[in-house]
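Across the two complexes that follow, chain A remains constant while its partner is chain B and subsequently chain C.
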Partner chain A sequence: MRGRPNLFTDYESEMALFPTTTKRVAVALLLIFALLVPLGAIPGLSFLQESSWLVLINRALVFAIAALGLNLLTGVAGQVSLGHSFFMAVGAYTAVLLGGTPGKTVWGLELPIWIWLPAAGIAAAIIGIIVAPTAVRVRGLYLAFVTLGLVFIGLHLWRNFGKIAGGPTTGRPWPPLEFALWKGDPIISFAKDGPWLGVQLTSDAKTYFFLLVAVIVFTLVAKNLMRTRIGRAWAAIRDRDIAAEIMGVNEVRGKTQAFAISSFYAGIAGALFAVILGRLIPETWDLLLAVEFIAIILIGGAGTIAGTLLGTFFVVLIPRIVEDITFFFADQVANQGPLAWLGDLFIRKSPDDILGFVSTGAAGPGLSIFQLNVALFGVLIIVFLIAEPLGLYGIWIRVRNYWKGWPFTY
Partner chain B sequence: MDAVVVVAQVAGAGGAEKFINALSSGLALGAIYAILALGFVIIFKATQVVNFAHGALAAVGAYFTVYFATVLNVPGRFLEFLPYTAQWILSAALAVLATAVVGMIVERITIRPMIGEPLFAVAMITLGLDLIIRTVTNDFMGNQARGLNDPWGADIVEIGLLRVAKTQIVTMIVAVVAMLLLAWFFRSRMGIAMRATAFDQEAAMAQGISVGKVFAVAWAIGAALAAIGGIFSSMAPRASAGLTPFTALIVFRAFPAVIVGGLDSVTGAIVGGLLIGMAEVFAGTYLATVSWLGVGFSGIVPWLFMMLILLVKPYGLFGTEEIRRV
Partner chain C sequence: MSDRRRLSFETRSQAGLSVEERGYEHLLEFTDVSLSFKGVKALTDVSFHVDDGELFAIIGPNGAGKTSTFNCLNGVYHPQEGDIVWKGSSILRERPDKIAELGIARTFQNIELFPHMTVLENITLGRHVRTHVSWWDGAIWWGRAKREELANRAVVEDIIDLLEIEQWRAYPVALLPYGVQKRVELGRALAMEPELLLLDEPVAGMNLEETEDMARFILDIREELGIAMILVEHDMGLVMDIADRVMVLDFGKRIAIGKPEEVQRDPEVIRAYLGGDLAAT
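Let's look at the complex of A and B:
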């Protein structure tokens, strides 16, 4: 029996977190890689320790938490939600209400992080529990519209409750990422540069480590939820809700749990998102943000943890890569470099340019890079849904199976 | 546009006047929503696709109108003997046709390969389409508001207590004409084919109906109706400045109309549109002074109204209840 992968002789080993040696080694390597990234210790990838990249990676880590939550709700429990940005906003505003500094026009209690961070998740979870009965009554696509409505109602609330959200165009500052027992000097500050265990680290690197731990914890929780009673109940509800009920799965309880846990994830992610950005306007929590998460789980592969994480990094890092490529070619075109002919195909230099469609200026002729990225989201969603419904995870499975069977085709 | 009269809500100037004017504005807005909802429902019924890109298509229609009527001046430049109103209407009609073509192209490229896939997947595709179409349109349009230069402008007609904008009268006329045309269409050969396809795609195919053609026609009609809705959404008094990047988002408020009526009901689209339009205008008229509701409360009334209706009737007022089998 030894040395034969995929031969499981008992349920326990089949359901184990890391059932094969390959997986264990891969996860261990990934962890080491993740630890080395902010230290710039990886040859060839040391640019990742630059602040501009670390900020982006931190954003990806925060998005990973939110995407894991949406994946549990939409991918595992099958409840379509376009309102994830609304739940994130609930978390963010709970955090700022409890942890923020009070001012003339805004409220804030200046409580420490160990109160406002869990509270952000819990507040969002409570709102999720309030919404959940709608999901029992309203099904499928009708539910998508209800959650879409939540985004618009939320935006109205954030614009109008200036005491919590700050001004509609200015927002307000969020508390820094600092750990203190109570008000006063923090014991550990993730927001200031300084040495840790003798290693000099920037605030971005410290934030990175904090978020990395958070993502690992939330990933383990999600993975464990999926392979225990709750997760199996969700999958049953997703696949055929009446059949699930007949088998003794409590539909109301399952959907409520899904909404509560997914919203908890969203609340935590929302609070951290606001904290790492420092200051947000209410318009941040719009439909585009919610669609971004839908894009993440569709591109990554709905219902899978690995796919969700892959999708998050793909969706968050692609805009930066597109930006770099665009600037590279714009530079080539401007200075007549060796690749200028390639850049000519898509860089729009003047309004009369027929071929080009993108320019580096914000207002300049053609799409701006931001607009290009939004359109690219759309294209990616469509291409993946048509060509590979299982997303990046599906592509990985195909590659893996090819090499598993090599040199045979199956 | 010589007699521009500003509608001033005179405080205490008779409850009846306020009520009648709110009623007519509500009906006009409801007509816009009903047109948009109709297009949506036709696409959904015929092709089983929830079209999140409807707002984007509406903005495309309005943009084509801006382009044809104010930039290119077609077909007006060839027909200068016609009065301006007729020239403008022809431009708008051309824009509606162009949007219908856009709808057909979109259907052919992105929706046709997805026949037989789950509803959710196709709906997400239209969400992607929404992003693409909106971005590209916004890019052509620029950030500033673009006026449609419609011949009616902000003119107002007074009939007794009632003061109604000319554009609102036009909206209602167009809505009624569109509904009559649709009623006729559903009795025509193609319309019957579409009803058969909506009922059962495979059975329709077995009867010799070209389902692909039905899909194309449904998207063309849906996009055309979206364009009409988009044009009226970017006119006074709805949007006095004209078409802006937010038009597509404002058109999102037609979604509650669809849901209130029921996703697959043509009657529901009309009733839902009128109800949502009324709810929004009445909230704007009577609740604008209630400060704790916040600025712009009328904008979310459609969504709140939709949620209330859904809690009572989960498939909308006229929607077919899904028969759930194991």
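Let's look at the complex of A and C:
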């Protein structure tokens, strides 16, 4: 192919995960960026290595695993589930039952991570398989309500099984992120500060690296599932279930597999979520958490991997960014900085302030930053559903197509 | 022979063999089938058979039970009476996906493509019954899944070539013109490597040029792959031109069956199509 070096000459190179040089370079740069984040080596973004940011990023990485799972079930296979937080809880409590320290009021077997982490996923997957048959009987909104029921059944169970979940107001500690062959001293600990290969790292940074690898693995698996036989079957069930059956897709098996694999993702994410928080109460696994995952895949772009990851970071990091920006402007207003005029538009300075509606203090009238975030979240979901159903991914596609055709309009 | 396109899968048609060699008498036997929904009788004692490599047509006025016949064959409806025998064994109570695996493929009257998937993905989905990679092999990709995907792609590209839809390969099907969507649907059915293809009004709503294209594809498929077909169609010109045998349904009953020229002369058929008074005069 003289003169056209970028032309595909076989199916293998066309079907590759990253078929173009641009994509390969972009992914490589993204990976390097991800590796440098906890080292504070990125000019202008070195604040990301601060503990408060790194903890948030770790949370986003854990959420990404769960969101990838929900994306397979809801985005690809079209089964709307509001029960994702329930499956996460199943994973978390399986983990603490197998890996936790036993006490006077709680059970725990103190098994190592290579048992409790996969077991968390498998336990959730088994519950998923049990739930799946309902998805064959009820569809769409009705399925959403059935899975919603799971969340409340779950909450009731966790509150009443103190031996597993700990006290209703105190919860119980989860095992640390440590790799040991059996009980005893860990071989690798992600939970203690210390040097790796001569570089001094905090426990947050180590946890970050562990989660980064996990997210990469789970992303690849999700992508591979989507581009092979099972992924096409899921998409077919989503688009037209009866036609899919006539084309030879077993609907019951397809939906069961979707629930099982999605719940496996949720179980692993639930266990890791509890582990990085260290201790949590049963109310963590409520409806709000489940809705957050629906928001992630809607804002990111249902049915796409890139959209799911974008959506996760957007939803998890935006509250913090909004908070930082609000404090910045409040500071500008208070000290009459150069951007004070902009801050005047929305920072509430006194009770009779006409324009301002956000106050940084908890006592002040107007919206608190938390309330602002909740309102923003709702507005964003509405805007995305109406204006951009493909989410952030859809916006990206439009930007990309614009530059692909530039300077022509199409 | 030389100018024929070669497909990478061989036909499994048993047309040339004797009954003993095939192990069954007719490819498909539809015996005294009755289907009713509460009080409505959609089909009443309908019988016909289809042989290997045959192009069998079903015609009749709207509501005659043509599509219901297809839905019985596919296992979407389970008729109350009668029997449907595929290669000597009954498929009356089988699930749709099981019947697809046995080798009965279908296109739909109102296009039933998967709108969010591309042409490639739609046709590749047709390969579902001819592929066997498990989900964990798929999750790993390297090895078995990759080999199968590449082999699949070769077959799918052959079908795309046969149906002349190369330029639409990567488009989501919802964006394509109607005539092209019909072709993609035919391609998806072909990808299943069927032994019997059910075509539900393949040229409905098409202009003359598109109709002739589709007729050419149907004849190509028959000649190159030897797949038996049941054609439901209102375009009488097409049916009478290409069908080997024709069955006429009216209000769920079979009123005639035979060669196209015989059926055309049948007084019952003329009555059903043109009205009782005209037939009487």
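What to note about this one:
To be clear about the criterion, the second predicted complex is superposed on the first by the 383 of 410 C-alpha atoms of A that agree within 3 Å, B and C clash if a C-alpha of one lies under 4 Å from a C-alpha of the other, contacts with A are read in each partner's own complex, and residues count from 1 in each chain.
What we mean here is this: contacts are C-beta pairs under 8 Å (C-beta built on N, C-alpha and C of every residue); 3 or more make two chains touch, one makes a residue touch a chain.
Predicted model only: the values in this text are computed from it and were never measured.
Superposition model on chain A: chain B and chain C are shown accommodated side by side without a clash. In the overlay built on the shared chain, the residue A:I382 is in contact with chain B alone; chain C does not reach it.
Using the contact criterion defined above for the overlaid structures, shared-chain residue A:D239 touches chain C, although it does not reach chain B. Applying the stated contact rule after C-alpha superposition, one finds that A:L225 touches chain C and leaves chain B untouched. Legend: residue contacts after superposition of the two complexes on their common chain; A:G366 is shown touching chain B, with no touch to chain C.
After overlaying the two complexes on the shared chain, residue contacts for A:N250 are found with chain C alone; chain B is out of touch.
In the superposed model, A:A144 lies in contact with chain B only, and not with chain C.
Between chain B and chain C, it is B that contacts the larger number of residues in chain A.
In the superposed pair of complexes, A:I294 makes contact with chain B only, with no contact to chain C. Vertex at the C-alpha centre of chain A, arms toward the centres of chain B and chain C: the angle is 80 degrees, rounded to a multiple of 10.
Touch criterion not met for A:A205: it reaches neither chain B nor chain C.
Shared-chain residue A:Y11: touches chain C; no touch with chain B. When the two structures are aligned on their common chain, the gap between the nearest CA atoms of chain B and chain C comes to 6 Å.
Chain A uses residues 240, 242-243, 246 to touch chain B in one structure and chain C in the other. Residues of chain C touching chain A in their complex: 74, 76, 95-97, 100-101, 105-106, 108, 112-117, 121, 124-126, 128-129, 131, 133, 135, 137-141, 145-146, 148-150, 153-154, 157, 188, 192. Taken in their complex, chain A has these residues touching chain B: 80, 134, 137-142, 144-146, 148-149, 152-153, 156-157, 159-161, 240-243, 246, 287-288, 291, 294-295, 298, 363, 366-367, 371-372, 374-375, 377-382, 385-386, 389. Across the complex, chain C is touched by residues 11-12, 15, 220-221, 224-225, 227-233, 235-236, 238-240, 242-251, 257, 261, 303 of chain A. The touching residues of chain B, counted against chain A in their complex, run 50, 110, 113-114, 117, 119-121, 123-125, 127-132, 135-136, 138-139, 143, 249, 252, 255-256, 259, 263, 294-297, 299-300, 303-304, 306-307, 310-311, 314-316, 322, 324-326.
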